[in-house]
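Below are two complexes that have chain A in common, paired first with chain B and then with chain C.
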Partner chain A sequence: MNPSMRHLANWTILGLTLSFLIGPFLIIILAGASATDYLAFPPEGLTLKWYLKVFTVESFRASFLLSMALAVFGTLAALLLGVPAAYALNRYDLPGAETLRTIVAAPIIVPGIIVGLALLRYMVVPTGVTVTLALFMAHTALVLPYAVRVVSSSMTNLRADMEEAAVLLGCSRLQAFTKVVLPNIRGGVLAAFILGFVTSFNQVPVSLFLSGPGVRTLPIDMLAYMEITFDPSVAALSALLAFMSLAIVYTAERLLGFSRYV
Partner chain B sequence: MFRNTREGLALALPAAIFSTLLFLVPVCILLSEAFRAGGSWSLQGYIDFFSTPLNRTVFLRTLKLGVLVAGTAAVIGYAAAFCIVNLGPKSRGKVFGMVVLPLMISPVARTYAWIVILGRTGIVNEAITGLGLSDTPLRLLFTETAVFLGLLQLFLPLMIISLVSAMENIPRDVIPAARVLGASWIAVFFKVILPLTKEGLVIGGTLVFTGALTAYITPAILGGSKVLMLETLLYQRVNVSNDFVSASVIAMILIVMSFSANLLLKRIATARS
Partner chain C sequence: MSDAFVQLSDLTLSYGKSVAVPNLNLSIREGELIALLGPSGCGKTTTMRSIAGLLAPSGGTITIDGRDVTRVPANKRGIGLVFQSYALFPHLTAFENVAFGLRLQKLPEAEIRQRTEEGLATVGLTGFEKRKPAEMSGGQQQRVALARSLVMRPKVLLLDEPLSNLDARLRLEMRTELQRVQKETGITMVFVTHDQAEALALADRIVLMKDGRIEQLGTPADLYARPETAFAAEFMGFENIFKVEGTDVISPKGRLPLAASPTSPILAWRPDAVTVGSGPHEGRVAACSFAGAHREYVIDSALGPIKADAAIALPEVPLGQTIRFDLPLATARGLAA
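Right, the complex of A and B next:
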């Protein structure tokens, strides 16, 4: 094959693959703008009314706020638990370090739907904890493995003798951590926050069973809405959410080279 | 390395305890439920589960779709990864970014697109009725094909990422050398590329397979109750019939499968270093 033929073949394969991966989003953006009362593609007439309607649906507003709150506070809580754990696993010679690592990473291996069901049945029902609190804890636990992994990998590049030097020069251990370690792993912590936020916000299976009257995460609410209504507003909302994720990831990539950490 | 073990444990234990209480304990109780089905410890829950034809069908379908999706992803993944590695550095980053981006987008949004494509008034049906191939729209949603397409779109990026990073490690001149020495492209693939990217293939394959196995949204939206998979069956069993024994059996199947896939991954990762 001559070079220009090969070039053409290369881009044909890539073009097909990328349109399979990305095409659906373009379709969804347009389908959300269709003037019909039902889903149609190609759109029949263009309108922004479905994009605007999304903001007026009461349950979407409530579930969006819940999902946001879960993603922000769940991820913060996971970092609060995960940063010290990652630090300890990297810097200390701990007995059973491998077991600790496995326990902290376990939530990734167990399918979310099972976790949600188990929490509902053996925590919410017997103890009477509210569903919201259970959701918060489930999302924290879900993000924890990512927090530990991303922070760990940014910590392995940091030489331990810098802290030792700080301690020798008169810092307390806590000061050595806040003044030497933390500034150096800041990028990793931020990357972990973003990854955790996106993971938690998009998470469905964990929250499937953990929903009660008026307590639903946004993806679950969309699933429920879809079952009764066929108008294009879910397409519009899906498109808006896709834009939101892209904006977050793009900003993160620009500001801190997000992909280095993930 | 610091020697103060107590200090280290104080830092690491909160995370471990949290994870134990919220994950290990409730999940283990759930798993034990199937063994306590008849009032005493037995395998009765499992026997009952597998003696129901529907459950067997769903179990086999989940396995089949998992394997099919992983296999197709591998074929497309090799072609795409090979092209990406051959790009110039600038367009390589851009194309790679476009492969990764969908992973950051809500699976609900990603799956919903297929309703637009395959639905009664979707593109495919509009084309079919428009061309006069059929008078009535075909039922494309709620079929195994729909679930297959949805899953493939969801997890293909994982395969491409794994294969690209494996191919980047193939020494530059190996493939031209094999060609110069007379190997056909087929021989190059099976004797050079495949052996050198085996690890990437296994990693990508496991990620795609476990992903497909444990996906909920795709079978729920595109398969509905016509094409149940293990996850949607579990949901139905709990919500419709309050059947926690079946739920526990399905949970065990899913955990055993994704756990063994993870063990495999770990072994490969350690064999390399």
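Right, the complex of A and C next:
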């Protein structure tokens, strides 16, 4: 192959890759703007009415709030568990630390369908916990790997002697953690929160199993809505959610160089 | 020892099952500047960490200023430590780094401000208050670390390899600085180093350690002139150390006769104690380098390589040529076996 041919091939591959990544996103934005009463692509006529209708659907509003609450509190809970876990894994020469790391990462590796089914069969059914609590615990567990991983990586450059210095200046171990470690991993914790939030918010397979009557996360609610009503508002809502995720990640990138931590 | 300010008695320090320091006894007087000197793994850092309270001894006691602090936690011991890496808090300014310990004591703001500014002035960093550690050079960071410890008015100030991360020029500057600070404050200081020149230049007394034990303890002049063991001699720059057998000095390579029978089982010569250019022995020049006031020869002899300094007045003997030399008994240091 001569150089110009190779050049062309490279650009073609790049173009194809990008269109596969961005294409679906564009399709959804346009499909949500179709003037038809059914989901259509390419759109026939353009309107904003479906984008506005999204805000009037009562169940969307409730499930949006549930998803928000799950994402915020589930991620906070995951951080509450994950930050000390990351700290311990970094600081101490724990026996079986590698095994522990693998176990913590498991929810990323195991398919969500399996996690959802397992949680339903062995947690929700036998114990009879409420749907909301089950969802909360599941989302916490799903976000935990990200919390441990991202916080860990922000901790690797933090030398242990900094804490010893703090102790010699009069800190208790806990004070050394809050006054010296936490301020220096703040970026990592924030990054973990954002990543966790987005992961939790967009989570489908596990929530699918755990959602109950009247209690659905937004993605599950959208699926249910689509089964009955096939109008473009679902596409419009999807586009809005994608924009929300994009805005969060973009802000995070500008504020604290998010990509450094992930 | 009634005048001991810091007293380590039968101190045993271990990591898990491996004993790093078995049964150490050491007294340090108030206001003294002590060097713990030795190669890596000799237990000097371990000893320092136990004085700081960062490592609990598995046996023995540590007394500071008449009080047994063996079980006192590190944050209540009132001891300062300047870490080799400085261990500054990267998220705080120089001022806040130095004020850190004072703030923990909840002192009035005016006193914190005054003592912090004093501390920064002592180390010559007035005007650097608002800098973050990342915006300062290594030397400046170390000064902040020093000031951070000094403002706490510690009973003992420990320094871990205080000069090893600095370049040659800064090293000299910091050395003078440490001596001046020690004079001004009168604080008892213990510093750890593997560099004998650093220990000789700085310390009032040197504790030379090997395998967790004190090999020799004495003033720099003492250790320099009168090492007692081959290990101490080697550390103090005696580059030619040989065993004695009858009237010969021997090495695995061979032997050379001496003028008379020595009384010590081991003899050691500094390079400048070897006579070059005359003498009963012959060797070949294996290397020669110019060192300003003298030439440093490596002579290939019957004993193997001998390091010898020759006066610059002596004409240079080219590589590979024969050179005469002597190992005079008069300039030899006798060592214990």
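Following the convention adopted for this analysis, the second predicted complex is superposed on the first by the 249 of 262 C-alpha atoms of A that agree within 3 Å, B and C clash if a C-alpha of one lies under 4 Å from a C-alpha of the other, contacts with A are read in each partner's own complex, and residues count from 1 in each chain.
We take it that a contact is a pair of C-beta atoms (placed from the backbone, for glycine too) under 8 Å apart; a residue touches a chain by one contact, two chains touch by 3 or more.
Note that the structure is a prediction, hence the values are computed from the model and not measured.
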Superposed partners chain B and chain C on chain A - clash or fit: fit
First (chain B), second (chain C), both or neither touched by A:132: neither
First, second, both or neither for A:47, with chain B first and chain C second: neither
First (chain B), second (chain C), both or neither touched by A:17: first
Inter-chain angle, chain B to chain C through the CA centre of chain A, in degrees rounded to a multiple of 10: 100
Which partner, chain B or chain C, touches more chain A residues: B
Touched partner set for A:59, first chain B, second chain C, both or neither: neither
A:166 touches, of chain B and chain C: first, second, both or neither? second
First, second, both or neither for A:239, with chain B first and chain C second: first
First, second, both or neither for A:180, with chain B first and chain C second: second
Least C-alpha distance (whole Å) that remains between chain C and chain B when both complexes are overlaid: 9
Residues of chain B defined as touching chain A within the complex: 1-5, 7-9, 11-16, 18-20, 22-27, 29-30, 76, 79-80, 83-84, 86-87, 95, 97-102, 104-110, 112-117, 119, 121-123, 126, 153, 156-157, 160, 213-214, 216-217, 220-221, 231, 234-235, 238, 244, 247, 251, 254-255, 258-259, 262
Residues of chain C defined as touching chain A within the complex: 52-54, 74-77, 79-81, 83, 85, 87-91, 100-101, 104-105, 145, 148-149, 152
Residues on chain A engaged by chain C in the complex (per definition of touch): 159, 161-162, 164-172, 175, 179-180, 183-184
Contact set on chain A toward chain B in their complex: 10-11, 13-14, 17-18, 20-22, 24-25, 27-28, 31, 38-42, 81-82, 84-85, 87-89, 91-95, 100, 103-104, 106-107, 109-115, 117-119, 121-123, 137-138, 140-141, 144, 148, 160, 173, 198, 201-202, 204-205, 208-209, 219, 222-223, 226, 234-235, 238-239, 241-242, 245-246, 248-249, 259
